[in-house]
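Listed after this line are the structures, all set down as structure tokens.
Two complexes follow with subunit A in common, the first pairing it with subunit B and the second with subunit C.
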Partner chain A sequence: MSESAPKPSSSVKLVLLGEAAVGKSSLVLRFVNNDFQENKEPTIGAAFLTQKCNLPSRTIKFEIWDTAGQERFASLAPMYYRNAQAALVVYDLTKPTSLVKAKHWVAELQRQASPGIVIALVGNKLDLTSDSKTADSDEEGADGEDDSGDARKVSTEEAKAYAEEESLLFFETSAKTGHNVSEVFTAIANAIPETSLKSARGAGASNTAAGRASEEQRVNLGNARESGSKDNCAC
Partner chain B sequence: MGQDRQAAEAEERPPLPPRPSTSASVDPKNLQAQATTAVTPLEIQTLSFPDGSRGTFSTPGARAVSNPMDSGSSTPRRDKDSASPDNDDAASVTSFAPTMRPAADIASLLAGGLPKRSPAWNLLRTQSSNVHPFEKSQSGTPDKFDDFAREFEALPEDSGEQYGDEERLAIWKSKLKHYMIISAAGKPIWSRHGDLALINSSIGVIHTIISFYEGAKNPLQGFTAGQTRFFVLTQGSLYFVAISKLGESDSQLRFQLEALYMQILSTLTLPTLTHIFANRPSSDLRKPLQGTESLLSSLADNFTKGSPTALLGSLECLKLRKSQRHTINNTFLKHRTDKLLYGLIVADGKLVSVIRPRRHSLHPSDLQLIFNMLFEAEGVRGGGGENWIPLCLPAFNNRGYLYMYVSFLDEEGPDVKVPGQEQASPTAPGEVAMVLISAEKESFFELQQMRRDVAQQLAKSGSLAIIRAAARAGRPRVEGIAPGSHISHFLFKSRANVQYCMGSLDALFADLDERRKLMTIYHELHASVHAKLAHLKVLHSTRQDATALAWITPVFEFYCVAGPNMSRAMMTQGANKIIQWAKKEEERLFIIGGGVF
Partner chain C sequence: MESLAETEWDVVISGTGLQQSLLALALSRSGKNILHVDANTYYGGNEAAFSLQEVDEWAAATGNVEVTKAEGGLSFPRAYSIALAPQIIHTKSELLSQLVSSKAFRQIEFLAVGSFYIYEPDNASLNRIPSTREDVFSNTSIPAKSKRSLMKFLKFVLDYDAPPHRETWTPHADLPLRTFLAQEFKLDERLQADIITLTLSLDGNITVKDGLRSIHQHMSSMGLFGAGFAAVVPKWGGLSEVAQVGCRALAVGGAVYMLGTGIKSARASEQRIDVSLSNDIDVKTRFLVKETDVDTPTMSLARLTAVVHSDLSSLFDATVEGAPSPVVAVVAFPAGYAKTPDGTASEYPIYAMVHSSETGECPKGQCVIYLSTMPQPNAKSLLDNALSSLLGAVGEAQVPEILYRLSYTHHQRVSRPSDSNVVTLPTLPLDLAFNDAALASVKAAWETCTADDDGEKEYMVFEDREGADNDDYE
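Then we have the complex of A and B:
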């Protein structure tokens, strides 16, 4: 509503990786539609979504590949991270094996993805831990239904130490309550180097054969979502 | 035996003139009216069924042996040249008591309906024919479908103190339909109901029985216990088992199990599946199949609810004007990329448009898998965005993967935002999906571009609005097609096009249980006219709560159901009207050829 002068906009290709059922699709759903589904079905293959994010200086359009975590799809992953400028590697902080898997993804990205890729390590399902209640009092998810105790199995310190070692962004989130979700994406948007943003534009156009037509269409498609998710994306 | 029973019943009845015949086929009114319909000439004869087959059905309760009925038949006319149904496809007409069918078809409701005819029912029968099928007032006793919605509920959790294992097993056993997949080595792979831990011993028993026969080189196909039919399909190292109290025929159950097998192939491909078991027969297939469970379950539930698509092995299309479909096909073809193998536009699970290479057509069983994934299971549709899904279409090629681009077309632009229209059918979502299939796994962005171009053009030309409106309008109502016919529902399959259309389910069959009863009748009719030695071309059946008609020609298969008071003549007349309509509307109801490149 308050947007008067159009800001420069650029697109950022982002891929989500991580073990099955850690909440990749749920994070995307929270970010794009500000919604959460209790029993989300596993992703088959991959899903492609877009969402805009307003920074003070520019608008970032995320082109998101939400990949399937199941083992049988693993061989397709390179296709999705190959041109990515950012990656969100997700683990479930109630499940230690998922952090192991996350480390594998980080290593693979560092070996195979484009050199400048911005990687964020994300521990999801924070609402299942006891510290989630004290964290933000204004979160909608302080619903007390998980009072059964602390399901945390991966300590913040451990994951944070690893993230620092590998120079990754690090967040603990809850797709369920929305805690920290938009912050992850804002941080990524801010972390993408300005130079890489310029070139991103060119790369984007070359990937979609006719860039102009698609731009037009996207505006159309995005309208409903944008207005609904502005408050969500605080960037 | 039947005579005795009839006599006994006659004594119980109060003398209520006019006493209706227990057999529809000798109703004099019916005989008089016959000449006005295309199903004529109709010759009533008594069929001599082997008596033994009756005896096998002396089951208690609702399945009691029914009254014998007169049956008519004549030699089927094999007039291959005259494909037109008008020319008289009515080779034979018969009414029948379902218990006379071979034991394999332990059909159920038809038999269940027949025995006791209360005075109240007789009174009703003398009334008009607009009594609907399955009206509650007619069946005083509760039937097995009263709780049908619970069939699909999950078993209570293990952790709850409320339910012990015994209770949970009891709930498990109360399900009307089970599907299981077991490896030949005895590893449970998937079961529609119950966690594998709970039912492990039951699966063990089933596996033992199957392997015993397998070992004796005399594979077990199926067996019957009480009212329950066990049917087994063996595919390589996998046993597929259906356990049904719904009365489907063996070949119908086989078709359902084959669909489950196709789903597994679609996930893994045949070489991978073979490889897994060749290496290690005791492999646990659950891991590689992870994520496929919900697809298997939605397929299974679709069969349990009763799916005309599965029954007829064909697809349903969205009814559109020929010129409109032509425009859509052309738009679709015009924006095709080189990477495209098949393109589909689908609205509410109904096919709108197909484009394909000249050399290839699409197999209905492959399309069933795709439709199941998109419209029955939640995974793809619930995710939002655009999807890129590797899958194997086993009927097309069971050895490799294709890549499927799926996008649901959002409500966009002003074309559909007519408020009045939305109020008219708030439940019909009018969901339109574009499905683009390629053999190249890197072709996502090309297909995405194609989708944008096509969607944009369809929106601009108004085609998208037309598709949405047609989807919202729903299936045709019988009232509109054959006014006054009192036919409640019909299925019409065009054999050449491998497509079908059917009447609206909204008014009379909106509830799951009513829809299941309807589908049960269709399954029974279908089983009878497709039985191996059946020469039936027309079959009319009467039961306490409904009447039904099946009519098979080389061109079409037609099935319909009406209320219990419907005379055969009325039924035939109504059927004729619907068939005439289907013929007239053929190019709107069905996709003929589709767009070819």
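Then we have the complex of A and C:
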């Protein structure tokens, strides 16, 4: 293997979904900046974040879109879902209602998003369960939270069974400790079908040929021509 | 998070039409507590774009909307994004400048508008309108004498508002442009029609003042962002896309969004406004920006939107080398050109905006054709006639099949004058080209809402948000 030939690079739009306060943004911050903020305010200020993911055969550049809170009253716009090639549906594994909500979002994605979208179901806040100490524990932690320091309310089996039924990738993570976070994104990167990676912009999730064609047609407003730009205040 | 009722809102905005959404964009870095609601369950208000299923839902809720579908040939409902109020945006429009300076343009794909055509009833064909001086030079169907007159006019228009030229037209400012073209420039009827068409004047009777401004806008927009086009459209349904991007910008700035929730009533006192939402939540706010509640429309347009089974490729040729392939063609039927089956001619022009599948509004191999005309008796029948004339004139071996038709009358409503803290935004004018005049009320609303803020404020000028980069991803 030599490094001489640059690996092909593809851009992938990834959208985040899930109930408020399950840790959607924290997961992304951990992935993008390897950072975690306790008591983070509800998401403000980032339109989207980008992060590269290096696979053996190619580089995937994730363009990660946050809901910007528009999911709170079911007010996400069609543009949010459009051409998304991957989605991270997050629930809080200490909060059963958040899994119910996650299932709702999976259904919504199946209704609104491109047919080939890769969906990962992610149970976050693993650090609040006893599994965080015994990493490979398989025991069910649905009860007795306080005694054992285990706040888990959604069993791995239940969520996993649902994920298998709907053909979703499934992970339990901790944005706080970083456990399994990069694994989620790598798994998504690997699961994106090669055929939908052709266009660099990721515009052609459902129709690659159209995606490429529109690349030539796109008008770049960042490039006002000298001749006409004198009274165009695009400075 | 605090409950809606307990929050001291700075601004409550109602409606997500283009103007409210631009206001959302303008306020997106203000740090204000903003609640943005819309009685509709979709973004975009009068400028929304719908899948076929959403059209059906909207039709059922609105009434007086007619939808017909062919037996086969249509793709799945979400493969379509039908714009209720398609408009082209001249590249010189202030709207684009604001989208660029606010960095919102990065989330919108703009595509080029191509040629304008006039339907020629005598030989049922489409004549392309020359719209640049190079075009006029190379045109072989215009007699040399007319060419000279036309060149003279085009030169005049480029500088029309400067001293030597101003005096020529200001005495006739309110006369019909048509008369002015005939008298001052000796343009024949065909060239008059060509020039009136470039203005997209809905009644075909545009004044000298408005007409010259409009032609100037068109001519000076040519080539601004690339060769061969004077206007653009946002991909995926036009202005609806701009509205969604504006609202998302404000959401990213921390505002709360609620669709399907309108304003039931509002009571203003000196310090604050008590607003009752349609979901029975009462909120308090310092400013309220609402949609107009005047019910009488000031202007209406009869519309017919059709999906046809053809890519109508002959309409989308790039006319200049190196130009992006256009995705919109405009076909005009000047007043009198379209006729009902019993021979009644149209009183007003009919315009057809033909959108290729590259707009993202329909699947490949199909086109969306948006026809509109001023209300008149038989408007529907006239629009039908114009559609079939157009399809017969595009030079396809077989007349393309119509897969889908949507007819409705679209209304624009004026607003009441604003009270001090309650601002009312009108609905967007129903023009076919975006009119910058619509931006003034948005800026005024922004000024009201930010009047008490300290420090210097620049309207719609922002830095890129973290993470938004401009590289081309190799």
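One rule holds in what follows: the second predicted complex is superposed on the first by the 169 of 235 C-alpha atoms of A that agree within 3 Å, B and C clash if a C-alpha of one lies under 4 Å from a C-alpha of the other, contacts with A are read in each partner's own complex, and residues count from 1 in each chain.
Throughout what follows, a residue touches a chain if its C-beta (ideal position, glycine included) is under 8 Å from a C-beta of that chain, and two chains touch if they have at least 3 such contacts.
Remember, it's a predicted structure, so these values are computed and weren't measured experimentally.
By the document's definition of touching, neither partner reaches A:110: not subunit B, not subunit C.
In the superposition on chain A, A:29 makes contact with subunit B only, not with subunit C.
Looking at the shared chain after the overlay, A:186 reaches neither subunit B nor subunit C. When the two structures are aligned on the shared chain, A:37 is found in touch with subunit B, with no touch to subunit C. Counting the residues of subunit A that each partner touches, subunit B and subunit C differ, and the larger count belongs to C.
Using the contact criterion defined above for the overlaid structures, shared-chain residue A:20 touches subunit B and also reaches subunit C. By the touch criterion stated above, A:78 is placed in contact with subunit C alone, subunit B being left untouched. When the two structures are aligned on the shared chain, A:156 is found in touch with neither subunit B nor subunit C. Contacts of subunit A with subunit B, set against its contacts with subunit C after fitting on chain A, overlap at residues 20, 32, 42, 44-50, 66, 68, 70, 72-73, 79, 207, 210, 213-214, 216-217, 220-221, 223-224. By the touch criterion given at the top, residues 20, 25, 28-29, 32-33, 37, 40-50, 64, 66, 68, 70-73, 76, 79, 207-210, 213-214, 216-217, 220-221, 223-224 of subunit A touch subunit B in their complex. Note for the complex: subunit B touches subunit A at residues 267-268, 287-288, 290-291, 294, 373, 377-380, 382-391, 403-404, 410, 412-413, 441-442, 444-446, 448-449, 452-453, 455-456. The part of subunit A that touches subunit C in the complex is made up of residues 6, 9, 11, 20, 32, 42, 44-50, 61, 66, 68-70, 72-75, 77-80, 82, 112, 200-201, 203, 207, 210, 213-214, 216-225, 227-229, 232-235. If you check the complex, the residues on subunit C that touch subunit A are 1, 43, 78, 81, 91-92, 96-97, 99-101, 105, 107, 109-112, 220-221, 223-226, 229, 232, 235-236, 241, 244-245, 247-249, 251-261, 324-325, 327, 357-358, 360, 364, 465-470, 472-474.
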